[in-house]
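Each chain gets a letter, A, B, C, D and E, in the order it is written, and its residues are counted from 1.
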Amino acid sequence: ETQNQGEVQNQGEAQNQEETEAGSGNGEEIILATTTSTQDSGLLDAILPVFEDETGYSVSVVSVGSGEAMTMGENGEADVLLVHSPAAEEEFVAGGHADEDGRMDVMYNDFVLVGPKDDPAGIAASAPDDAVEAFRKLADTRSTFISRSDESGTHQKELAIWEACGIQPEEDWYVEAGTGMGAVLEMTNEMLGYTLSDRATWLNLGLDEDLMIVCEKDESGILYNQYGVICVNPEKNENINHEGAKAFQKWIVSEETQELIGQYGVEEFGSPLFTPDAQQG
Amino acid sequence: MPAAYETERYGMELQIQNLRKSYGTHTVLDIGSLTVHDGGITAVVGPNGAGKSTLLNILAGLMKSDDGEVYYGGSREIPFQKMTMVFQEPCLISSTVEKNIAYPLKLRKYSGKEIHSRVGTLAAELGLTHLLGRRTEGLSLGEVQKTALARALSFEPELLFLDEPCASIDPHATLEIEEMLLKRKREKGTTILIITHDLAQAGRLADQVVLLKEGKVVEACGAEKFFSHPDKEETRKFTGGELLV
Amino acid sequence: MKIIMEGVAEAFRLIFSLDEEVFEVVGLSLRVSLLSLLIAGVLGIPAGIFIAGHRFRGKRLLMRLIYTLMGMPPVLCGLLVYIALMRRGPLGSLRLNYTVTAMIIVQTLLIFPIITGLTVSAARDRQGKIRRLARTLGADRRQTMQLLLFEMRFGLITAVITGFSRGISEVGAVMIVGGNIDGKTRTMTTYISQLKGMGEFERAVAVGIILLIISFTVNTILCYLQKDPGEELRGGHAGGI
Amino acid sequence: MKIIMEGVAEAFRLIFSLDEEVFEVVGLSLRVSLLSLLIAGVLGIPAGIFIAGHRFRGKRLLMRLIYTLMGMPPVLCGLLVYIALMRRGPLGSLRLNYTVTAMIIVQTLLIFPIITGLTVSAARDRQGKIRRLARTLGADRRQTMQLLLFEMRFGLITAVITGFSRGISEVGAVMIVGGNIDGKTRTMTTYISQLKGMGEFERAVAVGIILLIISFTVNTILCYLQKDPGEELRGGHAGGI
Amino acid sequence: MPAAYETERYGMELQIQNLRKSYGTHTVLDIGSLTVHDGGITAVVGPNGAGKSTLLNILAGLMKSDDGEVYYGGSREIPFQKMTMVFQEPCLISSTVEKNIAYPLKLRKYSGKEIHSRVGTLAAELGLTHLLGRRTEGLSLGEVQKTALARALSFEPELLFLDEPCASIDPHATLEIEEMLLKRKREKGTTILIITHDLAQAGRLADQVVLLKEGKVVEACGAEKFFSHPDKEETRKFTGGELLV
């Protein structure tokens, strides 16, 4: 443990030389690997300056797919992760890639099933709040469904729902797009198909001219989209800024920050994009 | 129809009228009237920069004049299929010597047998036989010039423009080439316009000689007259002294 | 480094196991980039030769525009084509977004300026001379064009190779208009990009290596077309065009 | 189409309002692509001239490799550099991933083969003749190189423009090693890509247009360096190199 | 040290020994021994493809021989700063005529005044004065060749290699150039090696004449002897007939 601290200090010195590169504060940089939804929704832009001002760390946000964010963690490329695929996160922690505190809940929003306004599968009428039933209808009517197919949090969630239906979709109507949420929503809009999206990206893209939410707020909680924060195990390599990561983790679950998160989006969309749910204490 | 004929013959002669070419304020060619006889050899001589190549390029349709007309057999169009030219800086297709000589024949869809025989004859006459299979890269400049000449002679052009074709050719080969040109004139009635700095060559070949200077025709007349009793003092000065054989 | 070694191993495993998914992706990549190359070449080479061979007002400006379009960001090009082809856009009724056709269109647009620009550069010095030669030998239009293409083949092949390189390697444009749909519009580059996003670095490197091998093969074939006689021989190239 | 018109309007609004974020992004893009261009040019032009001017075993193979690297997918190049620079990798202690330095490295690697390949193509026919001329006139090594650069400036500038085009327009490589970090490694192309993902098409088109304007400006400056005397004059270019 | 001297003078002469150059099985140059006199003019003549340009290129260090040695003043290195050559296909820097002529002087760091005066004198001698400001594109071939010559003469090379320098130059200018070369020889002791197809020119200029054929030296001797009573029948045939003035 003491050896570990020595390393952290060394690295702090090295980083001071990079001060101009890092830009602000005392120049210490932390790399936050996160999913596109947190950045593209504008949340991080809104709250991160507060952290940087308070602590003097400078945060480099690398927004990638959840899959890659986890890989970055596994490789020790990132210092801290903010991601939304709880199952994969548990695996990550179990694999010893996290530090001793493991993962912490930060916030959630929810997934929504989006489809064309004329809703050919008739989901809005018959299963507006039952995701499993809605997916079954999609399969029954063979309606075009665009899948992220990129092992992102959203994709994992979609697979979980298919599994709950006992269906393994792989026919023509099931389009495996392998790209980001924004692009997939665009594609859904173009093809007038259905897709599963996180609410933030959906709201942000403003595609409600031809598309609408056909299914949301499933009672069972299956559409729940939980975000967690994980500090990367500092023993992975000597370049990890564990102190900064811990500071970030502590800050994002703090009461004040949680409040900030809860307020984000109220102004623009009328309702918050994320609901904070960190356990205090 | 052009008016001023300087010759009694009337056929496919080349008639030049008021040909002018300038670059900016610098006039490099300004020919009032000139006739190149049908079926004869006309030599164009004159100092460097006189405009000789410019004249040939315009006649061959490779360059536009600023003004003036060129008539060929009364028409304003020189049929480019029946005409050919050897450039002052000869230029070969990057292939073999044989393919170069055969190229105009191929373009004109001659039979393979005909092509083979013509190429063989020409190569023999010009001493190129041992080079036929050689690629053009690496040929000596004289060999290049010979190949270009053979290529120009391979089909039978009505009009042959030669821009200093023997400049890099050795003296013996030069005499042979002169023989070939004279034979062409005799047997096929080819009209030949040749630029040369070799006054002796002009004397050996030409029926008509044109002296060009600073873009203007100083004198244009029969070879005999040109060399022995020209009208202009300038011509006498140009051909005079130790230069004339 | 371990990742790269594993990527190389994986690449060979994929090639020799005839992995069907990979083969499909490779096939589509080649189809898209070769077809766009063909279209762009057939249009761009004559365009380049024409520009190089004519004097007209605004020629320099045109050249600078072509150079600028050579640097058209694929993402922007993709986006513009995407917007034009959107359901609500002017060409929406064709329903071309997310099809191979759209990918070929967008790559053609990307490659065309490159081939045109490099052809102008290759033709600049020599096409006048070649044209004059062709004319004095009695070549008609078609024959003149043949001679031009033959004599400028080095420069042209370089242009074509550069165009092909751009096409096969870019990801931004085909990703936007194609959408990386499995079995339909997934190319090697969009696949690499997806694999990278999924954190599957080894497989990403493997597909990348396959791409380079294919690129090398295509270039070898194109270079073969030059029929390079070897070096410039001896002291210069007497009488060369 | 409406989107595109709005994009154009937005572009001018951004330019004239001196939007700070956009300026920062533009500045970084230019810094990265011009610096990599400089490094790649300083290495690639002499390399290309050397290759064109020497005969050696494996030269053709080398050329085909260079052509292949011209078509190196930016995503792959980015990924390989990323792997090499990973913190736990051999160069990890340099902590270069997600820095501007890494972006310059990766773009240099992308541009270098392009400049080298096109320089070889430009130098192929002429460098022997120029070298011989320089030697007979008594030029030393440095003076010979100067003459080479001067006489081949058209081909070289085309190579440089093509290299610059590649750099300024590509997104895959800088996205991976740079990470599109706001205020730090965000370039025009990564920004366009992000904006596109966020559905902000107008702004994406606007940034794209700014990029094209900048590209046009740089090309104009580069073209100016050619000092083009205009057209090839009259019937050929007597005594040209 | 080389052994066989064919001359009594011993200075900065060029000595060639066993020089051989082949392409594949085709030997284009094979010279057993040849000495080019110091401070004299040596003319090399011979049919096209004889290997004349190849020889000059090797001497100027532009080409490697397969075998053999060249000594200059006893040393195996020809100092390239003191030597220059005019190519058979002359080649100019794409700039103005003036800059071309001045270029070797600039390389040698002559003062601006000196450069200006030398360029002016040379241009006047060669009739290039009105062209000094012109860009090289568009010059006539004769003007190009004159510019290349002026450039070669602008500094004072010890060794001057000329590959058919007057091939495209008009007869009057040719005579003037010959004068200039003779003056150089007389006043500066420049060693000049000139290839020419013009036997009359060889006769006017040369101290020594070399006849090359198929890569071999047929005869190398004083000009007087070469033209009037050569040792070899072949030489007589080459110079004979109507070709000799």
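Rule of thumb we're sticking to: contacts are C-beta pairs under 8 Å (C-beta built on N, C-alpha and C of every residue); 3 or more make two chains touch, one makes a residue touch a chain.
Computed from a predicted model, the values in this text were never measured in an experiment.
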Compute the shortest path length in steps from subunit B to subunit C over the network of touching chains. 1
Taking contact as defined at the start, I'd like the list of chains shared as neighbours by subunit C and subunit E. B, D
By Cα centroid distance, the chain farthest from subunit C is E
Kindly indicate the chain pair that has more C-beta pairs in contact than all others. C-D
Intercentroid distance (Cα basis), subunit D paired with subunit A, Å: 36
Rounded Å distance between subunit A and subunit B, as computed from the means of their C-alpha atoms: 82
Quick one: report the Å distance separating subunit D from subunit E, using the average Cα coordinate of each chain. 46
Pull out every residue in subunit B that's touching 2 or more other chains. 23, 53, 62, 87-89, 138, 140-141, 143
Could you check subunit D for residues that touch two or more other chains and list them? 129, 132, 196, 232, 234-238, 240
Which subunit A residues touch at least two other chains? 180, 183
Subunit C contact footprint on subunit B (complex, rising order): 60-62, 80-85, 87, 89-94, 103-104, 107-108, 135-141, 143-145, 147-148, 151-152, 155, 161
Quick check on the complex: what are the subunit C residues that touch subunit B? 129, 132-133, 135-140, 143, 147, 150-151, 229, 232-234, 237-241
Within their complex, subunit A touches subunit D through residues 14-15, 18, 21, 23, 31, 36, 39-40, 45, 60-63, 75-77, 180-183, 185-186, 204-207, 236-240
Flag every residue of subunit C that touches subunit D in the complex, lowest number first. 1, 3-4, 55, 60, 63-65, 67-68, 70-76, 79-80, 83-84, 89-90, 114, 117-118, 121-122, 124-125, 128-129, 132, 154-155, 158, 161-162, 164-166, 168-172, 176, 188-189, 192-193, 196, 201, 204-205, 208, 211-212, 215-216, 219-220, 222-223, 228, 231-232, 235-237, 240
Residue numbers on subunit D that touch subunit A, as the complex places them: 86-88, 92-93, 95, 97-100, 179-185, 194, 196-199
